[in-house]
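In what follows, chain A forms one complex with chain B and a second complex with chain C.
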Partner chain A sequence: MLEIKPILSALWRNKIAALLIALQLALTLAIVSNASVIISDRKEKTARPTGIAVEDIITVNFQPVSQNYDMQTAVAADLDLIRPIPGVVEATHSNHFPLSGSGSASAYYNQPSQETGGEVANYYQVGAEFIQAMGMKLIAGRNFDPSDIQVADLTENRESSVVIVTKQFAEKLFPEGDALGKYIYGDRSSHPIEIIGIVERNLGGWVNWSKAGNAVFFPEMLIAEGNLFMRYLVRTEPGQRDSVFNQLEEKLSQRDPHRVIEMDTIENFLHKSYSRDNTMIKVLSVVIGLLTFIIALGIVGLTTFWINQRRKQIGVRRALGATRAAIGRYFLLENGMIASAGIALGMAAAQIANRMMVESYGQPQLPLPTMLSCALILLIVSLTAALVPALRAANISPATATRNV
Partner chain B sequence: MLKMHNIRKSFRTDTIETHALRDFNLEVSEGEFVSVTGPSGSGKTTFLNIAGLLETPTGGQYLLDGQDVSGLNDRERSRLRNEKIGFIFQGFNLIPDLNLFDNIDVPLRYRGFNAKERKKRIEKSLEQVGLAARAKHLPAQLSGGQQQRVAIARALAGEPRFLLADEPTGNLDSLMARQVMELLEFINEWGTTIVMVTHDPDLARRAHRNIQIVDGQVSDLHQNALGNEAATA
Partner chain C sequence: MFGYYVSLALRSLRGTPVLSALMVAAIAVGVGASMTTLTLNYMMSQNALQHKDDRLYAVQLDSWAPEKAYQNDTQMPWELTYRDAQALLRSDIPSRQVAMHRWGATVSQENSELRPFTAQIRVTTRDFFALFDIPFIYGNTWHKSSDQNPTREVVLSKKTNEKLFNGENSVGRSINLNGEPFTVVGVIEHWNPTPKVYDLNNGAFKNSEEIYMPFGLHRQLQIYSWGNLNGWKSEDISNYEDLLNSHYVWVQYWVELDNEKKKHDYENFLAAYIETQKTKGYFPRPLKFGLTRPSEWLVVNEVLSDDNRILGWLSLAFLLVCVVNAVALLLAKFLRKAPEAGVRRALGASRKAIFSQHLIESGCIGLIGGVMGILLTLLGLSLIRTLQMGRLDQIASMDWVMMLAAIGLAILASLLAGIYPAWRISNTNPSVYLKTQ
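Right after this comes the complex of A and B.
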């Protein structure tokens, strides 16, 4: 028979200690459930598909020493040098590296000469082989061909007449789903740019951007006079990236030693881009672990203290007919009642805290299943923490009732 | 009611073995009121603990109400304690956080009675000890004598056939002690077998029979006047 009423009476007369544990549990639940939402959100974010072959792409960035550098010829020579290297799948030039944390963005419209109502997208000026070099999936339309390529510098307007866009961007600008073959326009521009292809996905340069995934690719080579630089993206066979990396550096330096070459990998960029998220996940996981450990310790401590205080009482209960199981059940139930009160309070606190975080920091909303899961886990932790002292209490001899000490 | 044959109880540490009871033999008939006396450390409390199934003997045979209790497990011993034995302790041993009603309710809950039955028994037993009006009071709000009466009411509520009292008047002044003793005598008159451990020779004399324990053995048995009267009756 469950002794709820006597336990409530006993707790009412020892309410400060019970209240402290309940409040600690409530606070723990409020923190743990909101931290879990943040962790889950960050995990979801870092696990998003990038749409590109992250692990197989090498990036090359170079700046020639000479200001009178024939960039167009150099690019053609470099790419001719890179492509035959064993393990290389494709190579291309690009004005920016996806996932690198840098890039350019502009607003695009589905009508000419607009200033508002468009959609902002990361834009890239890329070689004809960009789709293959990134390992992207073309889901509609056609790829670029070499005749599409325009050479541009920073002083002149781009004159591309074709563009490949991501599916996300296409759906935003053309919600009817009929973007292929339609025209987009730059800010206040009447120059039509035809969407010739749609790729499944590309997160673009900034993973933390709210519009990450809006990306457009123009078949252009940007030659910035006075600030000459060029970027290549080299995709390798799976597992060949590191060996190609070493050869690439050597061959490019040999072909033209009068330039500064920096090389990296898209995988490395991705790690850097998500480093804050990953750190947040680790820190919050440690916080959750520590809080759970502390609450478990608190419960073990309090239950042990109460049991030691009530040794004689336990002996009396045993003498009056309580079985070992009844004593163990009593303390588990007592703990369960405190935990339940704390958890009920904690659920309300978690909701209030979450509302504030949503409004003030744009954090995700706390879903009910997440909160209930955290509550259940804390209840299990509480009962498990109380189990060892409760078992010790169950082993107190009924003869304790007749002892004077 | 109670039959102990060659009961032994020893406590062992790494170096010393202490014999609390040695070849202890005792028989208590149904309806008897037996007092147990003896010097400190003679084995009175050990006897009481074994008689009340609070401890198991090291050897010997113990029959409680005709049932050999030697081989019983914890659950069976707890059930027997709950159903057949009532305890009255020297320090009252009421649960301080519970009011009188809830204190008396403790053994009844272990018995598995429903709420209605428990309420009826609690009210009746509080009535019997004259504390019906104080049911919602806490033990700390009562005098020592009243607390002991509550303890008696708790022992009575389960209607045990056998009452074990460990120095029931040890913490009371003489007036309170007399009242408690009178209450025990009433209970005995209703048919409950009582074994009472006491240091007080006057109280011991009021039982039907007095047993003296020395060095873990029954050293002397006295048939008191009341016992003779009871036997004659």
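Right after this comes the complex of A and C.
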């Protein structure tokens, strides 16, 4: 039924051209399957939940023009000014902005006076309203109370005796799941800090960090003598962020013009933090699209050329009784055979390329299903590309055979 | 003959517009994709200190924890402790040396309309400008004593001087940093090396600082680095002096060593320094230090990330597919014209003549593809600039070297693609075609 033998002998006469198509498909499969595995890896990474209301939070960073400045009074006045603004849900102070790419980290232990066996976490020094202002979910224990707030300086000597931690960090330090009410300690420190609450999640400052999601929050106001600055996080009702943003800077500088104010949004920070991954996703997607398009065009061009070369033979076959379907099937089968050979070669090339990427560039391994689905898609593309000229070949009239012989 | 072949080639391209357009498109897309990533990688690998690459060295000392290395088993800390930096400054072996870090402060002026702003500041020793070869427009660097004793002096970047003093000679005038008065002693020319080879700690593509101030001001202003501050040991730090004497690393250090002998002497000096410190209980790790040239510094700091390298390889593979594609299409095109070549052969054209005629035709396709490839590259780069939200503006642009490289790559690709088809057609047997005419 299938004309495999005649196709093979016809291909043998055109072996270079057939080889070129197979080679293109092989290279394409190697590139496309490795690009897709990178894309899905990055998509997974950028889709991780952040644990906070990314789209509704405004960040304010200010530095007083002069170091001779009463920071505590200013913070109280600013927050009193911000909170009544229509559309504002909650506002608080913090030493760093989550997802911004900057932050502080330190190791914590479940026993006093240790120096090994601890777990590193992003630490934040925040106001009592931090959890509401970030839109985080408290899953156990209690929230901060305004009376918990201590004033801290840059020396990292913990003053506070209570802390709220992320679930991820709690499970690392207390694998039994009984972290609430337990104590954590700083490096070689014997000062106990009680875990009073656990929040569901907070990705912390650095999205690319291997321990992203380890975060602890201390009820402290950081006042860095000689290097005064303050940061506020303002959460708004959904959709109100931009209108609040516009009023906020004006109101703050009206209250106290002797300072430099910089404002941004958490959403913007997140975009910047992931910009490398997003660039990778977009560039690789464009590469996959262009490559598929180019080989499809190449297959159309070459198959058309072949068919034109063989017009007379096709005419003869038609005159000898071959149906249109038989002619079309012949060319599709021919393409299918070339494509299968190319794809088989491509699978080997894809594995070799992937091994090099895993070893040299720390990329994820290429799973078999991904490679097989890429191969299937390429086979379909190749057959579809061959379909147009094959249908034209089927329409060649048997009379062609009788001309010019 | 060459001109004739070119006109033949153009005529032949017009004869098969669809096939020709496909080939030009394949070359253009291949060149566009690979030149976009190669341009990015090339610009990211630029070394602004190339002309002093044989004299400048970034200094690293392994002052990290006894039980584990700073990073990845072998990596030393990128920066020094303040204590070690002060000790190294006492050496007179380097002809110039710089201890420095990033900082920031509010800038304001008395009786000025200017809105106060936060400036990025580099706190550094006076040799910074001479070591990195930065010319002054006005004035000069501060006096040597200001590296040790607090002196409220600053050097402004050209841009800052334009912002504060409309670009006039501002030497001797005053600005306020964090509300305190400082005297301007110099203004430097525009200088913004990309990548920022002298400080790669907080992003390799950040702008250089707006204001420079002496290293002797730490105690007076209680300066905390705006760069990285890394420690491994828990110490009781209750005031600023404790921080200066701590094991925290936060100071970048560069030296200029005039010749191999000086370099050798300096290595001995560093080894001796670490040995002495070991007897006092510092430097718990095996003796190790690093002197790294700017070109290597860019490599070990991984300015060109793995992502960039993957994209580079990928785009070359992409170009390869385009070349194979072009080979197939050219073969189809040339074989279709085989009768023409057969007639020319019969009329006395040599194989060589047929071969070069067809190679020139593929060269023409390459040239057109190359020009379109440059346009696609410019498009690709502007796309990258949008995706990176302004962070790579200086990187994602083509210089004339890359323009020429793009055309060269396109012509090379299409000649490579053309060799086999041209050879195949030059081997045409004329008699076959003469028969059917």
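Simple rule for what comes next: the second predicted complex is superposed on the first by the 401 of 405 C-alpha atoms of A that agree within 3 Å, B and C clash if a C-alpha of one lies under 4 Å from a C-alpha of the other, contacts with A are read in each partner's own complex, and residues count from 1 in each chain.
Quick note on the criterion: a contact is a pair of C-beta atoms (placed from the backbone, for glycine too) under 8 Å apart; a residue touches a chain by one contact, two chains touch by 3 or more.
Being a predicted model, the structure only gives us computed values, none of them experimental.
S.K.: Would you check which partner chain A:A77 touches, where first means chain B only, second means chain C only, and both and neither mean what they say?
M.R.: neither
S.K.: Scan A:T323 for contacts with chain B and chain C and give back first, second, both or neither.
M.R.: The first partner, chain B, only.
S.K.: With both complexes superposed on chain A, which partner does A:R13 reach: first (chain B), second (chain C), both or neither?
M.R.: First partner only, chain B.
S.K.: Considering only the touch criterion stated at the top, classify A:K5 as touching first (chain B), second (chain C), both, or neither.
M.R.: In the superposition, A:K5 touches chain B alone.
S.K.: Between chain B and chain C, which makes contact with more of the residues in chain A?
M.R.: On the superposition, C touches more of the residues of chain A.
S.K.: Would you check which partner chain A:Q63 touches, where first means chain B only, second means chain C only, and both and neither mean what they say?
M.R.: Touch partner of A:Q63: chain C, not chain B.
S.K.: So in the superposed three-chain picture, is A:L391 touching just chain B, just chain C, both, or none of them (first/second/both/neither)?
M.R.: In the superposition, A:L391 contacts neither chain B nor chain C.
S.K.: In the overlay, answer first, second, both or neither for which of chain B and chain C A:M263 touches.
M.R.: Neither partner.
S.K.: Could you look at A:K312 and tell me whether it touches chain B, chain C, both or neither (first, second, both, neither)?
M.R.: The answer is first: A:K312 touches chain B but not chain C.
S.K.: In the superposed view, which residues of chain A touch chain B and also chain C?
M.R.: none
S.K.: Please give the residue numbers of chain A that touch chain B in the complex, ascending.
M.R.: My answer: residues 1, 3, 5-6, 9-10, 13-14, 312-313, 316-326, 397-399, 401-402, 404.
S.K.: What part of chain B is in contact with chain A in the complex they form?
M.R.: 45, 48-49, 52-55, 74-75, 78-79, 81-83, 87, 89-91, 93, 95-99, 102, 105-107, 109-112, 154, 158, 166
S.K.: Using the touch rule from the top, collect the residues of chain C that touch chain A in their complex.
M.R.: These residues of chain C touch chain A: 19, 22, 25-26, 29, 33, 37, 67, 105-106, 108, 116-118, 176, 178-180, 221-224, 233-234, 236-240, 242-243, 305-307, 309-311, 314-315, 317-318, 320-322, 324-325, 327-329, 331-333, 335-336, 384, 387-389, 391, 420, 424.
S.K.: Going by the contact rule at the top, pick out the chain A residues touching chain C in the complex.
M.R.: Counting only chain A, the residues touching chain C are 16-17, 20-21, 23-24, 27-28, 30-31, 34-35, 38, 63-68, 115-116, 154-157, 186-189, 224-227, 258-260, 262, 271-272, 275-276, 278-280, 282-284, 287, 290-291, 294-295, 297-298, 301-302, 305-306, 308-309, 357, 360-363.
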